[in-house]
Amino acid sequence: MRRIKSQILSNKRLSKELHLITFTSEKIEEDLLPGNFLHILVSSSLDPFLRRPFSIFDISEGTISVLYRVIGKGTGIMKDLCKGDEIDIIGPLGNSYPIDNSNNIYCIAGGTGIASIHFLIEYIKQNHPTKQITLCWGTKTIHEFILMNEFRLISDKIIFSTEDGSYGNEGLITDFLPIFKDNSVIYACGPDGMLHILKKKPIDLPMFFSVEKRMACGVGVCLGCAVKMNNDTYKYTCIDGPVFNANELKYE
Amino acid sequence: MNKLAIKIGNLTFNSPVIAASGTFGFGLEYKEILNLNDFGAIITKGITTKRREGNPLPRIIETPCGLINSIGLANPGVEEFIKQYGDIYKIFPTNVIVNVAGDNANDFINIIKRIEHLNVIGYELNLSCPNVSDGGMILSEDPNDVYILIKTIRNITNKLIISKLTPNLCNTTELARASEEAGCDAISLVNTYLGMSIDIETGYSRIGKDYGGYSGPAIKPMALKLVYDVSNTVDIPIIGIGGISSGSDAIEFLIAGASLIQVGSIIFRNPQIAFEINTFIENYMDRKSINNLNDIIGTFKGSI
Amino acid sequence: MNKLAIKIGNLTFNSPVIAASGTFGFGLEYKEILNLNDFGAIITKGITTKRREGNPLPRIIETPCGLINSIGLANPGVEEFIKQYGDIYKIFPTNVIVNVAGDNANDFINIIKRIEHLNVIGYELNLSCPNVSDGGMILSEDPNDVYILIKTIRNITNKLIISKLTPNLCNTTELARASEEAGCDAISLVNTYLGMSIDIETGYSRIGKDYGGYSGPAIKPMALKLVYDVSNTVDIPIIGIGGISSGSDAIEFLIAGASLIQVGSIIFRNPQIAFEINTFIENYMDRKSINNLNDIIGTFKGSI
Amino acid sequence: MRRIKSQILSNKRLSKELHLITFTSEKIEEDLLPGNFLHILVSSSLDPFLRRPFSIFDISEGTISVLYRVIGKGTGIMKDLCKGDEIDIIGPLGNSYPIDNSNNIYCIAGGTGIASIHFLIEYIKQNHPTKQITLCWGTKTIHEFILMNEFRLISDKIIFSTEDGSYGNEGLITDFLPIFKDNSVIYACGPDGMLHILKKKPIDLPMFFSVEKRMACGVGVCLGCAVKMNNDTYKYTCIDGPVFNANELKYE
């Protein structure tokens, strides 16, 4: 974990709501694993007060990219940042997707969940090139399939779905999952609703969810980002997660 | 000599800046990005007799210049706490104070007896957590109860006893006086204000309870006023808390009468705040040729 | 029909949004840049028997997400007020309510008798101004005094009587109940919180008194909680005040139990806030197929 | 008085602390008189919460310029605004410098007080070209004499002083005032200290001060911007001022 002042290198709008921001990493990227997140302070004003957690979308030497959806105060400010502006970053934080011996990797991404899945796929392609990767990617509408060519390049197979049917299958991605092969592992990142549905499916494979909870500290001191476990105790997204074994999690 | 050093009784704090309970875990979480001895002391998360899972979700909601929390005193319980941190505190780089949260007087006494052998300099009694329905609030309302509680604790320990008061009662000054009379070493205030936030789409509370504890820069003007009022009431040192987010804020609390200050919510935003405050105060003292922190404390001059 | 209309007794407000006392002058100052009937009513600056020059300078200090004021009820006094505004209010585009600030019960009664003939729909009794040392604070502490005061006023007017309460006492709910029992038509809360700010360069207060009244978005979570508490205590309508700065904030107060809301400090920043809130509420009602504001009021569902 | 959303056209740093911002005026400039001010909201964040009052430095068709010193939160944000960014403006507010029949105009400016004085001189040159204008301009140091050529062009005479002696006379401008001719009027804008000294001088000419007080509303409703009058009553900077007859003002 380090705290750095990072310079914006670029900040592009990719779709109506999705933006990709790239900034200097002061070597933090060397310690980053897929699933890790950064805690970003976007403005020196006290409103908004807290940092914002974001997964890693991509890294390269000296830079990190984050894919974000503009939804509120913090991301509203983020989208107006220009090249040369400074942001204040703490990271890497959180755990990472555990990589086992399975030959087949199924990645299920909903919405901005695609961000950490992108980094995961790239990571696996680089470090475990023989594994077969199937990406199941659901969005609301066609325009949210950003950087499609790149995803086609790094995945072996992609299943698309949109809620409005504008591209791929019409409906939720959880309705169009492939028949999973043996010797597989599933990684999923997306809205709670999606994870909830996945969890209820009779899937007999190791399955890991990356979850999103409201955070204050991001390092385990505030106890704000609690997630309920099956045994009714709580774990904490920022230190025990964000990636959890789906078996552990309780959805009510 | 360290200009920032300040003494309470025979205890020395190498900086007036203390990490507030519930915002610094048990002291190790941030260690990779800060020097622990930038803090004069750190205060642990509130400890209860038994493990507490804490309140339902969500537990944190941001508001303009602040946040509302509904943590509900999640903590491993005193036994697990001793197991996990007893040894670590033997060689901790700065003073450790344990925040103790009892449902009743017995709880407080039992917890303190159990941890009395640890290498901690004292106890901050959480008389005021808003997030536990059967908790401190009731105990802390009556100055007599507070007097008896602290008197009893005074009998079992020579370590620092700090009475942490809530701003949500109107008899804060009386509670402070009762604490002082019972032999308390210092008063810390404020704990969080009661605050509410409603999700207009669903009609439900935006936190796991109907209301929670409100903290951050938004509460500073009120907390400062209360610290000033209480410092005019008691002679024991005050530890000022509430929305401090800069060196300048910290000095305001010192001028208002606080001998030490705590940083809470701001840590989430700026973990290195203690270093920044120390540097700011040092420069301020240099600029004003002040050699001793005590020459700042309680020097409020009123209105022009 | 105007969806935003709401009735209190036989009085109709064409919007639940009211301009708060002290933040909208006497109603004409902003007329070039807004429609006065975007407000369901406007409330005048507090009126006293005699002209008051107000407190020493400075009177306003900005703080994170809020401000501290020490105006000290500067106003022309009741006679000059009648002279200047009596005729203007005869043809005013929206309801006018006079905020009345007495040092004692006689003051309140004298002022109300003098202005009873004006074309104003009622009086908001300022039982809580923090900025006048001999002022409301003393009068307003005891529910019995408040009961007697309002009872007496009830005997001399049939117009709307609104009891405006301070958040700085802990018996707000009792004061509200006393007001209701005495025949008050509505409760408005909150007035400003007590807040302090110190100039660390000089050691003096940054406002003209040791402390002032704190308002703005920073106080919203606490004000909302208090409105919720009081709405569970009395049956008369509540007018919610405190840091409202958006349509969403306004709806939170309605859900918490307020029938009307007031906008104060935000006006300084965004004079057109009433229009924005009205539009927001209308869209919200459309989206949720709600036809009557009353179907929003007091619908808080607690925590999930 | 109007409220407009204005687009930044340029925002230049002129010295260490002084910046000149120019923005679209939506015709507000047609109603502006020297001495008037604008109430500017620089950010949509609630911190800073209040608008900031600024005098007019210059106008031209469709644009207004404000000269500002970076001192705190609001001006700190202002200096980072870029071409195309929006600010929210209420104006014109306040009264203006009263222009009488005097032939000789003495303008005394300290610090950013030069802003409203600039507009005043331009206005007089344009509308009363026969009047003789003497500018007495004091700053801390040489670098704060911005746009000097322009000032030389529009003033008939300039007296300079700097506190550090780096240009012109060394000391406060109030120590280097010329001998005032008859049939003259004095306009002064600058820090309270400067106005205070001026007020104490035995000057037997009409003298007008533009004063600065903390403001919340800017339109006369909050009663925050009080100024003490000689008879111990208060007037309000935003509606009775910012320009006051020096005789009326009380300095203690």
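Miscellaneous remarks
Note that the chains take the letters A, B, C and D in the order they are written out, and that residue 1 is the start of every chain.
The rule we apply is simple: contacts are C-beta pairs under 8 Å (C-beta built on N, C-alpha and C of every residue); 3 or more make two chains touch, one makes a residue touch a chain.
Just so it is clear, the model here is predicted, and its values are computed rather than measured.
Of all chains, the one whose CA centroid is most distant from that of subunit C is A. Averaged C-alpha coordinates give centres for subunit C and subunit D that are 36 Å from one another. Separating the CA-averaged centres of subunit B and subunit D is a span of 47 Å. Within subunit B, contacts with two or more other chains are made by residues 63-66, 217, 245. For subunit D, the set of residues that touch two or more other chains comprises 46-48. Viewed as a network of touching protein chains, the structure reduces to a complete graph with every chain in contact with every other.
Within the complex, the subunit A residues that touch subunit D are 43, 45-48, 73, 77, 82. Listing the residues of subunit B that touch subunit D in their complex gives 64-65, 217. Residues 1-3, 41, 46-51, 90, 213-228, 232-234 of subunit A touch subunit B in their complex. Only residues 56, 63-66, 68, 169-171, 193-198, 200, 202-205, 207-211, 214, 217-222, 224-225, 228, 243, 245, 248, 251-252, 255-256, 284, 299-304 of subunit C touch subunit B when the two sit together in their complex. If you check the complex, the residues on subunit C that touch subunit D are 22-25, 29-30, 32-33, 45, 53-54, 57-67, 69, 71, 74, 216-217, 245, 265, 267-272.
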